[in-house]
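Across the two complexes that follow, chain A remains constant while its partner is chain B and subsequently chain C.
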Partner chain A sequence: MSDQPVPAEAAPSRNLVQFVLRLREAGVVVFLVLLGLTFGLLNDRFLSVQNLTIVASSAAILAIAACAQGVVLITRNLDVSVGSMMGLVAYLTADWTANHPGISPAEVVAIAVVLGIGLGAINGLLVAYGKVPALIGTLGTMSLYRGLTYIYAHGQEVSSSRLPHWMLESADIRIAGCPIYVIIAIIIVMAVAWFLYAYPLGRRIYAVGSNGVAAWFFGLRAERVVMFAYVLCGFLCGIAGLLYAARVGTVNVVLASGWEMSSLAAAVIGGVSVSGGSGTVIGAALGAVVLAAIDNGLVLLRVPEFWRMFIQGAAIVAAVAVDALIAEAIRRSTAGRRR
Partner chain B sequence: MAAKAKRQWPFWEFTLIVAILGAGAWSSTLSPYYLSVDQLFGSTRAFIIPGLLALGLAVVVSLGEIDISLASIIAVGTVTLSKFSAAGVPLGVSAPIVVAIGALCGAFNGLLVAKWRLPSLAVTLGTMGAYRGLAFIIGSEVGYTDFDDSYLWLGSEYIFHGIVPVSLIVFALMAILVWFLMHRTVYGRRCFSIGLNTDASWFAGVDVTETKIRAYALAGALAGLAAIVWIGQYGSARGDNADGSILFVVTAVVLGGIDINGGRGTISGVVLALFLLGTIRNGMGLANIGGPTQTVVLGSLLVAGVLRPAAAAALARLSNPARLKAAGPQGVESSGQE
Partner chain C sequence: MKSKILAALGAALLVVGLAAAPALAQQKTSGFKLMMTPKWTGFPYFELTGEGAKAAATELGDTLVYAGADHAEVSLQVETLQNFVTQKPDGIILAAIDLNAVAPVLKDARKKGIVVGTYDADAAVPARDLFVNQLSYEQAARVMLDAALIDAPEGGEIAFIAASPTSPNHMAHIKIMTDLTQKDAKYKVFKPVDTQFANDDDAKSYDVAVNLMQAHPNLKVIISSSAVSAPSAARAIEATGHVGKVWATGFALPSAIKRYLENGSEKAFAFWDPWELGYVAAYAVHQKLAGKFEPTEGAVLDVPKAGKFTTFKDGEVVYGKPLIFTKETVGKYNF
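Now for the complex of A and B:
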């Protein structure tokens, strides 16, 4: 198991190596730089500002989804209904918006967020209070939510012509040359990271995932903490689903299918341990950037699409292996203080 | 599951049988053709491929691990078979090779999980993508349908006056084999003991690493066999074969009463759960209930299957308040991935 979950707590550490080892994001940052240099050498267009903007922009929504997945992973659970939640929220919200012309942006966001929280709460009830193993419970709701989307849609889709202009144009807004989606993603990820780092409830999320038994003896109500993590996950998925809907314009029933795996991959690559208690949502978001960079770079290099699947899968296995190595190194370096 | 005598009546298997009969009765009201022998045997074909995966997954889950890459291994198997068929290799040669390739893919999962102690969910999530990618790399994006007739036999032929599918016989043999392995051999006892308590098993001299790798290899080999059945049933091989079928497989294993945290369960339960799911699917097909609704029903069943122990415990507490105890720290443990 992982040791102290918080990288920053290791700040007064006696030696620098230990400090860097404890910084869970260090690995993914190094990997990202190496990846950028490799692609940059192979194709001179990769490192252009224009292309990097494209990478950041395509990573933005996945970064939010990975952040949502990360929060749940830190509690030693997982959520494979992320993609289905995004899809259901996106469809219902888009459909509602299309049927109510003149609806204000704030109302649309409110609908998406409330729906997301509701769906997340169902997952939370199942896993935290129903004691259903996280994989099974959310595998069930994954098909449940996706099935509901199909049933509600009834073979239809919400075409972009029925959506208000402001919604479709919002995806293209740039502030000082930076796409607004990137800014939104950075704000959200930073806010969640700060919340997990500085607030008691955030610390409890780490505590429950790091050592559930100790947390119980300490008097933490694990059920509430896990419940909250799932609600936060649903909330973030609601936002991500809405952003996705606004970007693609035409919302259909398969929107964001497969994103549960991409978000999991991003979080794992970003150093969030599936064994709970360690990693940060900033790492998870960086993992999303890694996936987007791999996708983009391989397209620029004209590598066939199916190689991406192989490389992405291999990257997950490599990330998990590196994660285990780091955990082992930490365990050894602090062996004297452990039982 | 120390002694059989300790098991509480009604057995879960008994409940499953009642549910199967109920679903069958419901189906027979939907169509006059439901109760024909042809139909009953023919409909079993729908769950033979996921059934083979479920048998292997049951062994892996009994260890407290999971393997979600099995459907991708099917795809590796089918595209490999298409290459062999195109090269004119007889099935007698290519079938063992494909089963061996499946076992190798599985063993690789097992190596990562058992030897390097990596979390099985994350590892098989990675290999799920990697094997799927591998299948596309081997077979390219174009499907292959020009199979030699001998390749189709196992999955498409019927025997006994054209009533019983050959693949059903294969499935039955495999089910008996895995049942024997899990409930009548030392290996099976070791699997359950590792699932209950890995450390204690290790101290008792069980080679945990080897046991786990063998379980994964077995699951992979069964996926390879399922690939051969796939070719016969669908007559086509492509990289996206069996994509997304793992949900059905996990549902069958969990509904069959295998504890997702390992250590408990029976193979007969898994087989019965497969029959139940197959009957429900078949019935919904007859009732003209669409795919999406079927998915919703499947998801609900999965959740109901896992809520069952919690519900049973709650019932027991209600009927016997003396045994009421405060929720212990083990209540915090959730997915048991370690």
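Now for the complex of A and C:
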């Protein structure tokens, strides 16, 4: 009975860590609720089911891109070629589809997915095996993939009238009033989240990101794990690119440019740490909803465009600051535990 | 003595020759070497302007080279123009990507006696001899409102999508359209309620259109002079189930909006004939070279196959033949 105080002392600090870690995902939920209430109070249309459906629908593709970015961020890397991968996959897939009118939907999806995996694998090889710093490596492929899109497109665009009818129509499907894109995004994000949570390879992604050296001592081959994260990122970008092409209908060479930053912003707002090892892809997807809600809410309130950029920027800075504070709190509490 | 006379004779001949040389050059009315660059090559719209210009050149006995980079990058356009100048053409025709960036090389070309004509998008005034403008700002504003009247004859709330607050033509169109809805009885049925910006980006345009319909439940027409935003707005209307309640219109390439016109979700979009625009641009530069047309205010450019076009201030020749595409006519155009 004399050693009872020791676990009793350890328990609260461990709980604190768990509480804070849980807070990382809770933070974006709280923020989203506050945002919703604020907009709801200022404009009675914001919280209507119809408008919330619109917000979810606008967020759907970005949620998948943020999920892709999130997986790479968790390994303590990043991927700034997300937008270029989406653009290249979307263009090549749309062009192929336009030139092969009898193509089946399954083939179109297969093309997009295979292309995405291929592009992601190139990033993975560079960063994991080539030991190129993630920022530099993917900055390179960002221009490379976009450049390829320009070269391939040769100034052309794929217009909606050249795409098969089913492609655009399937993007507009609603199931019980819910846009198909929202359902697809939820399924994909949940599947990735479950994979990261429950599968050994998923756990290794966290292990490599939170402490690469320890993971190495533990016998994890960090290269393989990082490689896998980039391939998964490419796969998700392939899907996101295809969904994007089907939604907008007109596919040109600048499709999804700038999405590397939006996906990064969504992931960080959603509590994925830029220093790796923590955060969830569900958080990243919710971060995308936050960005879509800000965009929608400020238009409803008739706030000029440039305030929207300002407010989105402020949300990102705040999220990163909170991220740093939490990291510091965790460092302190774990340091205390070791003593 | 003899040698002196010969020398004097020689000098006299030289003087006559020097004086005659430019006179002879002015008399040249055909066989000019023209070089043309669009904003970027490969895009159906610009390819058609190139074909039109080539047709004019062939008819007039000139040769025309059409070349350029495959994407709209101003440094590449400057490079193309520098290559042109070293090949010593008689005339250069271009659609400028940037008003000022191409000015130095064009001024250099003009110093060398090359006639410079812009079309589609102008360069700085001192850098070119003439600008063949597809539509004046007012014509553009009117034709877009006319298309909106086809969509919603009963009128109602309208909203605009521009590229950015600094895109001069979009903002001028919006200002004139707003004025027209207040002053012109024909357009008074419309009430402008909002202006949003989408950077000529299709996804952004789609989201902006969706949010506009959310913000303004009574919105009738979304108008954009961006050929990217107008089709994206049509797509947004279709995808969010607003067909028949909200209409999109503005400038769009027929290929981009064919689908919506044919499936009935949209009624009318506007544009102009790029083939004829290129034809008139080449014709104008040829006539200037041949000394038959001087682009001063009020001067009229007579193009037998296309019409008579008036010159305004600063050498701006207004082509000014807007087209409205509807379900019935959209199939006739291949750009």
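One rule holds in what follows: the second predicted complex is superposed on the first by the 311 of 339 C-alpha atoms of A that agree within 3 Å, B and C clash if a C-alpha of one lies under 4 Å from a C-alpha of the other, contacts with A are read in each partner's own complex, and residues count from 1 in each chain.
In this text, contacts are C-beta pairs under 8 Å (C-beta built on N, C-alpha and C of every residue); 3 or more make two chains touch, one makes a residue touch a chain.
Keep in mind the model is a prediction, meaning the values are calculated, not measured.
Of the two partner chains placed by superposition, only chain B is touched by A:Phe310; chain C is not. Of the two partner chains, chain B is the only one that A:Phe217 touches; chain C does not reach it.
In the superposed model, A:Ser159 makes contact with chain C only, not with chain B. In the superposition on chain A, contact is made by A:Ser58 with chain C only, not with chain B. In the superposed pair of complexes, A:Met261 makes contact with chain B only, with no contact to chain C.
Look at A:Leu148: by the touch rule set out above, it reaches chain B but stays clear of chain C. Shared-chain residue A:Ile136: touches chain B; no touch with chain C.
Taking chain A as the reference, the larger set of touched residues comes from B, when chain B and chain C are compared. Comparing the two interfaces of chain A, the one with chain B and the one with chain C have residues 150-151, 305 in common.
Chain contact summary for the complex, chain C toward chain A: residues 40-44, 46, 70-71, 194, 196-197, 201-203, 206-208, 210-212, 214-215, 217, 228, 231-232, 235, 238-241, 253, 255-256, 258-260, 262. Chain contact summary for the complex, chain A toward chain C: residues 45, 51, 54, 57-58, 150-151, 153-157, 159-162, 168, 171-172, 244, 247-250, 252-257, 295-296, 299-300, 302, 305. If you check the complex, the residues on chain B that touch chain A are 66, 112, 116-119, 121-123, 125-134, 136-137, 141, 239, 247, 250-251, 254, 260-261, 290-296, 298-300, 302-303, 305-307, 310, 328-338. Residues of chain A that touch chain B in their complex: 75-78, 126-127, 130-137, 139-144, 146-148, 150-151, 208, 212-213, 215-217, 222-223, 226, 261, 264-265, 268, 274-275, 304-317, 320-321, 324.
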